[in-house]
Amino acid sequence: MTTKDILEKYKTNQIDLDSALKEIKKANYEDLGFAKLDQNRKERTGANEVVFCQNKDNDFLIKIFKTLYAENKEILGTRATKEQYELLKQHINNIEYNHLAKTLKISQNKELVGNVVILTAGTADIGVAEEAFETCTFLGSHVERIYDVGVSGIHRLLSQEEKLNKANCIIAVAGMEGALASVVAGLVKVPVIAVPTSVGYGANFGGLSALLTMLNSCSNGIATVNIDNGYGAGYLANQINKLAVGIK
Amino acid sequence: MTTKDILEKYKTNQIDLDSALKEIKKANYEDLGFAKLDQNRKERTGANEVVFCQNKDNDFLIKIFKTLYAENKEILGTRATKEQYELLKQHINNIEYNHLAKTLKISQNKELVGNVVILTAGTADIGVAEEAFETCTFLGSHVERIYDVGVSGIHRLLSQEEKLNKANCIIAVAGMEGALASVVAGLVKVPVIAVPTSVGYGANFGGLSALLTMLNSCSNGIATVNIDNGYGAGYLANQINKLAVGIK
Amino acid sequence: MTTKDILEKYKTNQIDLDSALKEIKKANYEDLGFAKLDQNRKERTGANEVVFCQNKDNDFLIKIFKTLYAENKEILGTRATKEQYELLKQHINNIEYNHLAKTLKISQNKELVGNVVILTAGTADIGVAEEAFETCTFLGSHVERIYDVGVSGIHRLLSQEEKLNKANCIIAVAGMEGALASVVAGLVKVPVIAVPTSVGYGANFGGLSALLTMLNSCSNGIATVNIDNGYGAGYLANQINKLAVGIK
Amino acid sequence: MTTKDILEKYKTNQIDLDSALKEIKKANYEDLGFAKLDQNRKERTGANEVVFCQNKDNDFLIKIFKTLYAENKEILGTRATKEQYELLKQHINNIEYNHLAKTLKISQNKELVGNVVILTAGTADIGVAEEAFETCTFLGSHVERIYDVGVSGIHRLLSQEEKLNKANCIIAVAGMEGALASVVAGLVKVPVIAVPTSVGYGANFGGLSALLTMLNSCSNGIATVNIDNGYGAGYLANQINKLAVGIK
Amino acid sequence: MTTKDILEKYKTNQIDLDSALKEIKKANYEDLGFAKLDQNRKERTGANEVVFCQNKDNDFLIKIFKTLYAENKEILGTRATKEQYELLKQHINNIEYNHLAKTLKISQNKELVGNVVILTAGTADIGVAEEAFETCTFLGSHVERIYDVGVSGIHRLLSQEEKLNKANCIIAVAGMEGALASVVAGLVKVPVIAVPTSVGYGANFGGLSALLTMLNSCSNGIATVNIDNGYGAGYLANQINKLAVGIK
Amino acid sequence: MTTKDILEKYKTNQIDLDSALKEIKKANYEDLGFAKLDQNRKERTGANEVVFCQNKDNDFLIKIFKTLYAENKEILGTRATKEQYELLKQHINNIEYNHLAKTLKISQNKELVGNVVILTAGTADIGVAEEAFETCTFLGSHVERIYDVGVSGIHRLLSQEEKLNKANCIIAVAGMEGALASVVAGLVKVPVIAVPTSVGYGANFGGLSALLTMLNSCSNGIATVNIDNGYGAGYLANQINKLAVGIK
Amino acid sequence: MTTKDILEKYKTNQIDLDSALKEIKKANYEDLGFAKLDQNRKERTGANEVVFCQNKDNDFLIKIFKTLYAENKEILGTRATKEQYELLKQHINNIEYNHLAKTLKISQNKELVGNVVILTAGTADIGVAEEAFETCTFLGSHVERIYDVGVSGIHRLLSQEEKLNKANCIIAVAGMEGALASVVAGLVKVPVIAVPTSVGYGANFGGLSALLTMLNSCSNGIATVNIDNGYGAGYLANQINKLAVGIK
Amino acid sequence: MTTKDILEKYKTNQIDLDSALKEIKKANYEDLGFAKLDQNRKERTGANEVVFCQNKDNDFLIKIFKTLYAENKEILGTRATKEQYELLKQHINNIEYNHLAKTLKISQNKELVGNVVILTAGTADIGVAEEAFETCTFLGSHVERIYDVGVSGIHRLLSQEEKLNKANCIIAVAGMEGALASVVAGLVKVPVIAVPTSVGYGANFGGLSALLTMLNSCSNGIATVNIDNGYGAGYLANQINKLAVGIK
């Protein structure tokens, strides 16, 4: 029941003042008891709820996947283990697993629009980049991936300038000192989404070093997300890319 | 001398191989000795160099402002003190100072396009928001400001929903616990640029609390910039807004 | 032997001055050698000692449970593993295990009084919330649980306003950025006990992000406890709830 | 215009559907442009807005004080400098300044109810304690102050047990290692609100040492607030004390 | 060859100037290649080298134990696993393992002198306390252990005052908020060696909370050692106790 | 009134049971309202209360000095400014100020016993060392000072070995990396009290680097105190030195 | 195709202006899709790419080793597990594994030049030292290893002075408080490369204590690398040693 | 008196055994009481003692400068204020002050050898770079300065490649995210000394962000020094440069 419905029912005396006041405050969501699935999220924010699978109880996970899939006919889960994949595919046919990205997905056929470029500094950053890739394509954006172009051999990056200039938005994934984002943002006109990764050792403090690098960049036009947060970067890139192709 | 020029000169034997190799590596910038002004930055990144005035030597400051102003006919300086303003207006007519934003500006008349919304959680966050405002309008975007809509009285924010839905990009400026960004991002379809401020006391650790809040948000579509970095937020918002109105 | 007893014995010359001086300093507790069970804690603080089971030696654990159960006819243990449950139920009949809360319990039949509401931001916070629930009901308070009402879909929370207004005390359990506590405290008249959880990843630093959010809240009336400390929150909520129904 | 009013107007066709939908989302607040004063806060949370004076622009400060005072006939400001006091007393008669608490106040005559006890570990913690005192009495609670009873001479604290046992709620203010809260909470039945202060030096890290002590206390029933946050402690203590005397 | 020997040899022309210069710089130690056993440590510092077993290679461990045992006829190893014990007892008869302390020991019969008291706040701190106990007795001090006397039930500690007053030195072992050291040091005349433990959870940050508490104590006469460093505390306590009984 | 007095009065019926119970809990201290001077501290801990002057209100300071001086005929104040000295010498004759140590003192003529050695790594550490010196001599220990013997020129330290071997206790004061304590403790048989100082810059983080060095020392027999805490080191050194000369 | 080739081709009209512009930006590297092997690194920086094996996918690892080995006829891998060694030796004959250093290597016969000394403070630091050793010798430097010469028994270090004075560069590997680097640097004329290790416990915070010690050293001539970064130290030492023997 | 002298005197019976033993341990230094000037430092480490002027007492400063200048006929002081310069030039003629570097200097005429390059990322880093410059030239190295070549406009750096390739050692000075060091080290064969500066704001945490970047660099051959430590970088660069020209 939407707010509009409530107002109509109240006006036509199907419900009284008290009920109307209460109902107006209630939003639409499906209450599973342990979870309240946010079913008007797409209308409100432009995208359906994505399932964060990490540490979820098996029973909870199955119920959530079934409910959301029934509703939306497509679904994306992140931070999923191989065991969760084995479990869920017994309940939902044709669910797919990307073992690098650790994502579970059933996706509707849809045209991918615009152009997002995802860069990684090294090969160890590929898992995070793939999570961004899966999210961004699931949401409808076309993505180009360019991996292993870190600044210790800067010619590898400079040689990609043409592709960089064609993007509506660039995701730069880097661990260790995370300098990739600064160099890229100095070369292009569009926003660079910087994803620090926990790749490294010693005083990288689980990705803190790359995070601070990106937040403190001397270059302009950098949007930082949380450490290892490929999902968040993909979501944000899709928003920007869609705006660039006139979809809001 | 552009790379194209160099190639032509080499082909027509005006320069030899060695010189060509060297020149190709040299980019265009004006060398003041203590500074190398990046004069092809606009071509490369879409915006001229902005001057970070904090702690700059007076002589350096005057030279940089004069050089850049002569080149571009407009200029923006950030983190400027009142004393720096008094000094510079003796050398450059009609330079203007926003004492809340701490910005210095001479701006060309230009049409402001698109729509960016800047929110603050409290009144103490206004200085940072004004820096974002000055940057974003200097770069050519239309901006709407809505101040003091923090989550401790959430009805103040909810009543702005219509304006929020019209924006191409929203900047959320908040100190203390910085929860504003999370709530806003749960309400809209467009990217939210989150600016943590150092406003607060005790365990806010100079803005760290708000920064961590924003990086760890449970909402999607949040781009975080550095603490108190209104400039960075304004720059990024302009990029996104321009993409949304078809300019790249 | 209470202080009163000692005074009487001294006055009636059953003990001499020296003994009296010593005895007065001795409080009542049962000394197991490796542990000193605080048996007048209920008289002093209103609640019996609860057993923190984590990493306790098996032999120690059995002795402590037996001794306290014999004394009080009820017992609560927190942070207990399934293995500890299997062990203890061989020694103490009808001990119960809540695998989400990780609590062990034998509880006397008692009337639950007042009204405490426990909220979680997400489903991953339920374990901590259940620990609070078990503690709070064990101590005699009536509790209502409302799970998965985080701020990324704020309508889920706003629709609960009626229940919130009936509570004497609210526990808000949240990980990631922990903004739930700020929003709730802006809506109600009663204390909000904020429990940061270690749920999240990247720059959440094991719950530090949520902890700082709660300590720095722009809303009033927030009492913060340690990260993942459902027990502490349940204990505090019971104290406040009891005061509200006139028990001290 | 309340939600009820809106519903009535819509039913009686004074406003159309569209307007009703919009109005329902708007809450009541006074918009000063730079600030949105939360005038239904008392109805919602039980207490009027208190002004955080630190770093506020003089013009803003005067306008906020005048507006809120006109509305509520009483006002409390915290973190106010002597200069702000000198300024405001030119605009608002009989405003009072507590130089230890750094509070500004005009208070209505009201009966102070219940019983809150405020303790400090040392004399250097008195400023924070006085801020709590001013807040708590402004909101209507009776307060007893007991200063300089830190644990390095524990007999000073133990001798106050009678007073502690009469309180509905105890505020423990301590810097350095902040052990006071743990000891007090082990002695009483009611909640202890722990306020870490920045008093100390070296590895106290601006109050972090006392904050961590209080969050990690081995005693039960401790509610921690932010470092030096006397205001927050006073607010929370009043809430609990009011519940204990049957006011909600 | 001692420095004295070298001088004599040089004077009597058994070695030349060059050799003498070199030899003087060489101290006495046994070089195993991978390790240089410090065999004049006892003469210099009063105690033989103790073996830190954690992560030591099995071959290295056996060689070190054999060499030192042959030399000193007694040996102490700390942070030893059960597996290391099983291994070493195949090579060295009558080596003993304290599974709480995780120490390996062969000790000469010796009179234990003076009086050291070891306190723990809780039962979970006993492992660290036992490491201190084993070290301190190995080095020749008499030790009394009093466990589980934390400040949440302060009467348990106060009742031990007599024993505390008889000690030459007190070791206070505590995790969580670590307040035990402050309270004890306020009661006695002798040094209190404070050992923070990593016992706790949430914002205890692996013992940091207790460490900061102890460093910032408002009580006098506290000597802090590293987190979980029972060995260091036992060593230091023995030094102080020996001084008190006239041994240096 | 001591506990003994109370017991006698009760036995002889001068007070009733209730009064006796209350009085027993009361300790002896002088209550100045804002402060509770701990007048049986010397009996309990062996030393009178020392005044921490930093940030103390002038009126409070005068009252505390007068009261304590009247009681004890000697007094020590630490962290005192020159202004506080100028103020206090108007009220208390012959008070003396050590501008390096920032201490105020009136001391009784007393024999200084035993032998404590204070070392500094550099000249910038002298202020902290002098605070230790003043405290230690005030409490009755003989002290020898050896300054500027840091490890970057280790021969300066090694040449002092004879003096080091005569000490009952050594205080090592060092900033920057604080390695002095480790080297000294490897050379001697007695406890080394390590005082980290905030001397340094960059990543010394206000003394944290030296503090961590000292806590993690590979040498045995190191007692660490808080950053810049010369007072605490002097207090502890006096305790140990007194034990060594047979005073407890 | 080198830049020189491109220029020639353009001049001789084998490629047009556009192609030349593009090609100039392209550097030489082999693109494996998931990785871009930096094959002109030796020409540019003097050393071939070394493989960081940690967490590398097996398929990726095999391809990278094969490609680089084919190209360079020698290869070094760091942070390799025993399992990776077992895998790779099935594909590449005569690959060798140093289980202390965790390195994989096939090395060409080459003369080792100059003189680098590697010191460790303890035996637990040997693994990191061996990684430095393997790297430095692989790159062509002669290395002397001196292990277990930490400052707690400083004579062990002082007796090595002659060897230290012969080195062109010294690597000092130390955990715990890391004081070794300071003492060594005070004794010699050449650069000391300081490698903090994560060896230790408690407040060593995974090597942070040793890292801060080394960065804040009071001695001159210290170059710090990341925690446990034996590879980085070996690389840097080889650079310096080569310069000293006239190779650049 | 050198060790050699002592041995001779002992052999020829000018001193007895006891005296010889003592004298051998004594090194040569001048004892000013508050300071022990390390006068054989040049012989041992290749460079005279440099004076760290920050916070030095005026009297101490004058004495140290006079003593060292008399000895060495040249002197360098770092972190000197203008006031210290004014003071010292009254006592020592022809002392010179570099107000950017904050250094005081009297230098002997000497040939500057080799080639060191100092880079800065921005103009705000120039002060630290100048301190490195003054140190490095004082010690005898030839230095070339190239300022304002940060990575946000990477062509500025790339155009300097020729100069970079001629250096024996490069110092890279950078604040904010400090990415300059990584990019430079990827381009050259010689060691890069990375100096993080405290330039920046927000989450740069006083230089920590740049420090972590440099320690975690994905490029090889980086030697990191403390934040803002231009002196340390200059010292180290001179050592490496001297080795490269054959001086040790």
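When the chains are written out, they are named A, B, C, D, E, F, G and H in that same order, and each has its own residue count from 1.
The rule is short, and it goes like this: contacts are C-beta pairs under 8 Å (C-beta built on N, C-alpha and C of every residue); 3 or more make two chains touch, one makes a residue touch a chain.
Small disclaimer: the values here were computed from a predicted structure and weren't measured.
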* Please identify each chain that touches chain F as well as chain H. => E, G
* Asked: Chains in contact with chain C and with chain F: which ones?
  -> D, E
* Farthest from chain F in C-alpha centre terms, which chain would that be? -> A
* At the interface of chain C with chain D, does the proportion of residue numbers present on both copies reach over half, so same, or stay under half, so different? -> same
* Measuring centre to centre with C-alpha atoms, which chain is farthest from chain B? -> E
* Asked: Using the average of all C-alpha atoms in each chain as its centre, how far is it in Å between chain F and chain G?
  -> 48
* Asked: Once you find the CA centre of chain E and the CA centre of chain G, what distance in Å lies between them?
  -> 37
* Structure fact -> The distance between the C-alpha centres of chain B and chain G, rounded to whole Å, is 40
* Can you list the residues of chain B that touch 2 or more other chains? -> 44, 152-153, 185-187, 202-204, 208, 211, 215-216, 220, 226-227
* State which pairs of chains touch, listing all of them. => A-B, A-C, A-D, A-G, A-H, B-C, B-D, B-G, B-H, C-D, C-E, C-F, D-E, D-F, E-F, E-G, E-H, F-G, F-H, G-H
* To do: Name, in rising order, each residue of chain C that touches chain E in their complex.
  => 22, 25-29, 33-36, 38, 40-41, 44, 52, 54-56, 60, 79, 196, 198, 207-208, 211, 226-229
* To do: Enumerate the contact residues on chain D facing chain E in the complex.
  => 121-122, 150-154, 176-179, 182-183, 185-187, 200, 202-205, 208-210, 212-220
* **In the complex, chain G residues that touch chain H** => 44-47, 50, 168-169, 185-191, 193, 211, 215-216, 220-227, 232, 235-236, 239-240, 243-244, 246, 248
* Of all residues in chain D, which touch chain A in the complex? -> 3-4, 7, 10-11, 17, 20-21, 24
* Write out the stretch or stretches of chain A touching chain G in their complex. => 123-124, 126, 147-149, 152-153, 155-156, 158-159, 161-162, 201-204
